[in-house]
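Notes follow the structure.
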Amino acid sequence: MILVYSVGMDLAAIPSPVELIELPATQIALAELVLLAVAGGLLGAFVVLRRLAFFSHAVGTATFPGLVVADATGFSATVAGLCVAVGYAGGVERASHTGRAPGDTATGLLLVAALAGGIILASDVFESGAAVDRLLFGTAIGLDGGDLALSGVAALLAVAGTVLLGRAWTAGGFDSVSAPLLGVPARRADLLLLLLVALSAVAALPAVGALLVTSIFVVPAAVARLFTRDMRGLLLWSMAVAAAQGTLGLYLSIWLDVPPGPAVAVLGAGVYALCATGIGARSRLPGEEAA
Amino acid sequence: MDPLDILLDPLRSGIERRALAEVILLGGICGALSFWIMSFRLSYPAESLAHGLLPGLVLASLAGVPLLLGGTCGVALAAGLVALASSDPRVGADSATAVVVTGMFGLGALLALSPDAPARLEELLFGDPLGVTDSDLLASAALATLGAGTLAALHRPLCAVAFDSPGAGALGLRPGAVRLALMMLLAAAVAVAVQGLGSLLVLAVLVAPAVAVRSRASGPARAMLCGALVAAGAGVVGLYASHHLGSAAGASVALALCAAAGAGAALPERVRPPGAPGGGASPARRAAA
Amino acid sequence: MAPPPAVAAHDLSLGYGAGPALEGVHFEAAAGTTLCVLGPNGGGKTTLFRALIGDLRPLAGEVRVAGRPAYLAQTERTRLDFPVSALDVALMGSLASGRWWLPPRRAERHAALAALERVGLAAQAGTLFGELSGGQRRRAMLARALTQDAAVLLLDEPFAGVDPASAELMTAVFDELRSEGRTLLVSTHDVESARSFDLVLCLNGLQVAFGAPGESLGREVLEATYGSDLVILEEPPERPVRAITVQHHEH
């Protein structure tokens, strides 16, 4: 509590949950986060399964300089983001199949260069420094119909992808020999997964920002994974957690007057911590034999 | 502008002299350490520590306490939480780490972006070499000394464990203890260097030097020395660019380091003598009887 | 009273977590003997060696080795891109003497150079490990074991994937070590070479046999060790069975 006072938060102004649904600006934000929960929950399950957490973080972060340029020049941020994200996803997929995968080191340096370049563009070239917080951490009130449309597309594609390619995506994770036997070339299925994650990450950028894409694509699925190994359960729980986390995170973000990205991230991680140590404390998952 | 002026201009200001001293000191020790960070594949842990310590920095900034203290506490907390989360068998280590880092980083941003808080987040994220105080320089000097001493004492064990960890164990060394010592040195380096380069960019000084000198490395000692020189040099170049071009100082240093890494990676590999195996063949394939 | 054995295992059971990978191991080897560990891939040879170097804790039973053994590993987990020279590798052997925080002394340097000479790598002392051929790399690792000057040497399939010239050099070194009174444990899948050893230990998830090769390597033992991977070449009466084994290499 002392900390809260020291940062000067105004505790008296706790918004009523009803306001969340009443005000048009927050309605859009709520709808956005729910749509993102569908994409993030479904794809997130595969991200966690296929160890793509770092990829999902990288694809979001890499768009930062593109977003700065788009923001300052009036160019479409969505198009700029998609170009970078899709290009990055394609590059990663090709590199991983030629055996010269970029690796953590190269990716880490790429992201540093992207962030450093972006901040120089923002603060020294375009002098749009004020936009940096929004681009990095998202916004609740600055969302528009275009963002909603993109998130809707991402959600639809995520559902379609899960239904059509879910098995291939799961099989590819465990045994890339049997994956082609399922009818879809493993390589094409993997590429589609990376592309869908990239697309959905770009859809998430306006709401949660370039740096906290993982709050939607990794955290809910990780929470779900604490409770179930079954694929269907994982997908459903993942979406549910993402939706709950998004809604509560939005509420928190409006109450504390902070961007949604950090609020959703903290909330999600907090839920994970509770579930990992408390309620689900290392209990045996259904289907596991006694040790 | 007179060429001599280009060189001497930044040296006229006390602030910039301190900044130069800082990047040279930090570049030196982090550049040397960078070789081991690459050899032990610690770049993802390094990045996780750098992002995860943000709440510590923010709280220190809000409380008016030295950033080094916040950085140190932040790094210790981040390391502990990552270790704890990664040990849960239900979720993969990379996803668990991502959850911890996302949560901690988000917490730092949340605390920093609360309306009444002073808006120093950009400096904490992207660095502020020009804000270096004399006590920061002292801390960097201490890190450089301590780090150099540790690397010197641990030189042979580090080589043995990096080369062949089980074999090193058979020789009587303790690979786990060696790795732990390296991780602690890494954590200290992150905590000190984060003030100059920021949470998002500090990875550059810890990883880029090794990439820059990799293709020319003929031994660990030489790789460390060259890494130190490259890092310090890139730091100086970055600060000079920032001074003359008016760009953000921390970001300029980070870009200089990344450029050095890019240049180094583009260099051809050391020429191999005829009859030797080509590069890239995996040890697993080679071990086939 | 007889001197304590150089290597001993008593009712040893070893595993990696999902259950024992190797059990019922019980043997003793006196100082100066050579022991051949026979068995198929996956049968437990490397597992036993890992326990002998202390890299793997027993699930049950105990293992004892006199002093710190030198270990020549099978699969190369060594980093080919880590920039050390052959001499650096040989020098690592002297780390076993304890004072790791000091740079190598002159005597240690001489010992490492002498070891390189013994394995025929004197000219390659300055060459980077990653630039050596497969056989040269194995010999460099052997030089490391020699520098260590250990009483017990554990050699895990030392000839696998090695060119004939290197193999010949290494055999000569092994003979020298043997005549110096050191204890050698060598794992191999070559049944015929096992006959030249003092003792043989057959492993296939459990200990099938232990003893002198003449008594132990009968047809039943070989079949129990290798199962269907065995090809009997000839089985003359009152003379040793001649057989070869089929090898499978998982990657």
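Letters A, B and C mark the chains in the order given here, with residues in each chain numbered from 1 onward.
What we mean here is this: a residue touches a chain if its C-beta (ideal position, glycine included) is under 8 Å from a C-beta of that chain, and two chains touch if they have at least 3 such contacts.
All of these numbers come straight from a predicted model, not from anything done at the bench.
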| field | Nearest-to-centre chain - CA centroid comparison | value | B
| remark: Ranking chain pairs by contacts puts first A-B
| remark: CA centroids of chain A and chain C: separation to the nearest Å works out as 51
| query | Between chain A and chain B, what's the gap in Å when you average each chain's C-alpha atoms? | reply | 27
| remark: dist(centroid_CA(chain B), centroid_CA(chain C)) in Å evaluates to 41
| query | Can you list the residues of chain C that touch 2 or more other chains? | reply | none
| For the chain C and chain B complex, residues of the former touching the latter | 50, 53-55, 68-71, 73-85, 88-89, 92-93, 95-96, 98, 100-101, 103-104, 127-134, 141, 144, 148, 157, 160-161, 247, 249, 251
| field | Residue ranges of chain B touching chain C (in the complex, touch as defined) | value | 39, 153-157, 159-160, 162-173, 217-220, 223, 270, 272-273, 275-277, 279, 283-289
| field | Of chain B, residues touching chain A in the complex | value | 38, 41, 43-44, 46-47, 59, 62-63, 85, 88, 90-92, 94-107, 109-111, 113-117, 121-122, 125-126, 200-201, 203-204, 207-208, 211, 245-248, 250-252, 254-255, 257-258, 261, 280
| field | chain A to chain B touching residues, read off their complex | value | 3, 6-9, 47-48, 51, 53-54, 57, 99, 104-106, 108-109, 112-113, 115-117, 119-120, 123-124, 129, 132-133, 136-137, 211-212, 214-215, 218-219, 221-222, 225-226, 256-259, 261-266, 268-270, 272-273, 276, 282, 285
